[in-house]
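Each of the two complexes below includes chain A, the first together with chain B, the second together with chain C.
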Partner chain A sequence: MNIVGISACPAGLAHTPMAAKALEQAGKELGYHVKMEQQGSMGPVNAITQEEADQADFVLIASDQKITNMERFKGKKVLNVNINVCIKAPKAVLKKCVSVVKGD
Partner chain B sequence: MEIQANNILLNLRVKDQDDLLRIISQQAVCCHYTVSAKDLYISFINREKDYSTGLQEGFAIPHAKSEAVKAAGIIYARLLSPIDWQTYDNQPVTDVFALMVPKEGAGTRHLKMLSNLATALLDEKFKRKLRSLKRSDKIAHYISKEIGVDKI
Partner chain C sequence: MKKLLAEWKGFLMSGISYMIPTVIGGAIIVGIPQLIGMIFGANDLTKYKSAQGFFHILYQINQVGWIGIGLVNLVIAGYVAYAIGDKPALGAGFIGGQLATNIQAGFLGALVAGFVAGYVARWCRKIKVGEAWKSAMPLLVVPLLTTGAVAIVLGVILSGPLSWINTSLVAWVKAMINNHTNGAIVAIVLGAMIGTDLGGPINKAAWMVGNILFIEGIYQPALMTNIAICCIPLGYALATFIHPRSKFSDEMFMAGRNNLIMGTFGITEGAIPFFLTSPLKLLPVNMIGGALGALVGEVLGMHSHIPPLGGLPGIITADNKLAYIAGIAAGALFIGIVSPLVANFNVSKDSEAETIDEDDIQINMNEL
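Right after this comes the complex of A and B.
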């Protein structure tokens, strides 16, 4: 599984990098390739390229904020998850998203 | 941004979240992060209303990004007894990192340090080591070392 995503939170200080790191770590443990772009107070960190977007199986948006540059993901399946759930239970989030995408 | 002994509040006795955020805001005046404890306190409370900054295992990270903040900083408070806070694991809070940044022009280096601190709180080893330290100068040194910008 090749997953790309974006995290963003109100101040863009703490929850944005926490969610990104939690999901990437969980991905490693589950054997998925996960790359999270952080749209926080530093601007885009770990930005997802068009090529990476094209190769992804799906897109995970860990945010209830306005996300910029979504046109990269045109035609891709996009799943929205609460950012706090991503920090609290990143493995469960990934498993659930994968099963939704696979249509299990 | 430096973290020194006066950024660390140990054995703090507070009655609730409100009381704690007021004390942290006062301390932020001493650390020259703000000139108005009241405005800073309001910024913390307003952010908390978006959604709680409680994490798990007794940690919380209230933060203020506002005009009340003049310079980026961190204050760590370790409480004598736990206080109620909405957290992921529904446990009360004993360890609080207050993060403060100006509304504009915080500087990438400072933002990176705050980001490093937030992600360090996902790391069991960091939390365990932090809690094992009892002296404010040692704690300040340990936090500085762990979140320094050279360490990505």
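Right after this comes the complex of A and C.
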């Protein structure tokens, strides 16, 4: 599984990197390739390129907020999950996302 | 309905995320010249408006900061609109936000403007026109409809009612904080809200109450939230100093020391790693700590006549510095002493069970 995603929170200070790191770490443990872009207070960190976007199986948005540059993911399945849930249970989130995507 | 509310909350949070740097930038640039002026014996910089020399330069810088404070409604309306309707909504949102300031409709007016501009722009995308008219849409039709809608809804229809509501609200808040008993209640409520979700929507709502009132010249609620924001992470930092090292895993100990910085700059999110170890036990501790800090500051008579800065730099902008420091100390001590007694911080991250069941995770899937 090749997963790309974006995390964002109101202040863009703590939740954003926490969620990104939690999901990337959980991805490693589950054997998925996960790359998370952080749209925090300093603009995009660890940005996802068009190439990476094209290769992804699906897009995971860890936020309820406005995400910029979504055009990259045209034609991709986009899954929205609350950012706090991603911090608390990153493995469960990834597993569930994968099963939702496969289920279709 | 629930989904719509969650969506609206997301729009609001997006707006707030753009507003935060504006408010902070404004407050810092108001505060620093004011402080320098105070050190050199000029308490009121407005006296130097048409003077020459050093104090006049301070006055000029200070005025730039006030512009930032004055832009709060504009920024929030613009970016709420942007979150809803993308780029075509931004301009009308900005205009509506400034309109809200001008007609004294405040934050409420700004939100109405943002939502109107955003949804009209979103709806405009559904209009089907022929090829020849395609270029006229973004250049003429969409700006006309979005800004026109803002002008009619906020400029005409809701102008009176919203400015009345906002003016009454502001008067009510002023009366609340000028009365000691009510002021204490406000302090407890705002402080507890800050401690509830540490950077989440409830926390940001309380922060918002404080900061949106800057534009009305009311600073007391911001002082309350700032104390609570500061004392919670500092409390966990303090815990690593007053309790034995064996009570903390290596990770938690590091997180605690890290919270010295988080607390100093007023970032409640620093407390999240601790909170996650046992949320149910630490929720009341954080709420009480935040409320206690704000209450002690309020009771001891903290106040400020310029927009307060967050975190420890807030000591600079506070008029009654001892009250501000005492509030932070009280909240931090409470959390520092109590939190390791009720929760176990000697847990390694790997053994931490994921407390959320897969079935409880809500996922919305769309295809772009």
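Keep in mind that, in the parts below, the second predicted complex is superposed on the first by the 103 of 104 C-alpha atoms of A that agree within 3 Å, B and C clash if a C-alpha of one lies under 4 Å from a C-alpha of the other, contacts with A are read in each partner's own complex, and residues count from 1 in each chain.
The rule we apply is simple: a residue touches a chain if its C-beta (ideal position, glycine included) is under 8 Å from a C-beta of that chain, and two chains touch if they have at least 3 such contacts.
Quantities reported herein were computed from a predicted structural model and do not represent experimental measurements.
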Partner chain in contact with A:Ile87 - chain B first, chain C second, else both or neither: both
Partner chain in contact with A:Lys102 - chain B first, chain C second, else both or neither: neither
Touched partner set for A:Ser41, first chain B, second chain C, both or neither: both
Which of chain B and chain C A:Ala14 touches, first, second, both or neither: both
In the superposition, chain B vs chain C on chain A residues touched: C
A:Phe73 touches, of chain B and chain C: first, second, both or neither? second
Chain B versus chain C as contact partner of A:Lys28, first or second or both or neither: neither
Intersection of chain A interface sets (partners chain B, chain C): 10-15, 18, 41, 84, 87-88
Residues of chain A that touch chain C when the two form their complex: 8-15, 18, 41, 59, 63-66, 70, 73-82, 84-85, 87-93, 95-97, 100-101
Interfacial residue positions of chain A with respect to chain B in the complex: 10-18, 21-22, 25, 40-42, 84, 87-88
Chain C residues touching chain A - in the complex, by the definition given at the top: 6-7, 9-11, 13-14, 16-17, 20-21, 79, 82-83, 199-201, 204, 267, 269-270, 272, 276, 354-358, 361-368
Touching residues (chain side chain B, partner chain A) in the complex: 47, 50-51, 53, 55-56, 61, 63, 65, 88-89, 99, 101, 106, 108, 111-112, 114-115, 117-119, 121-122
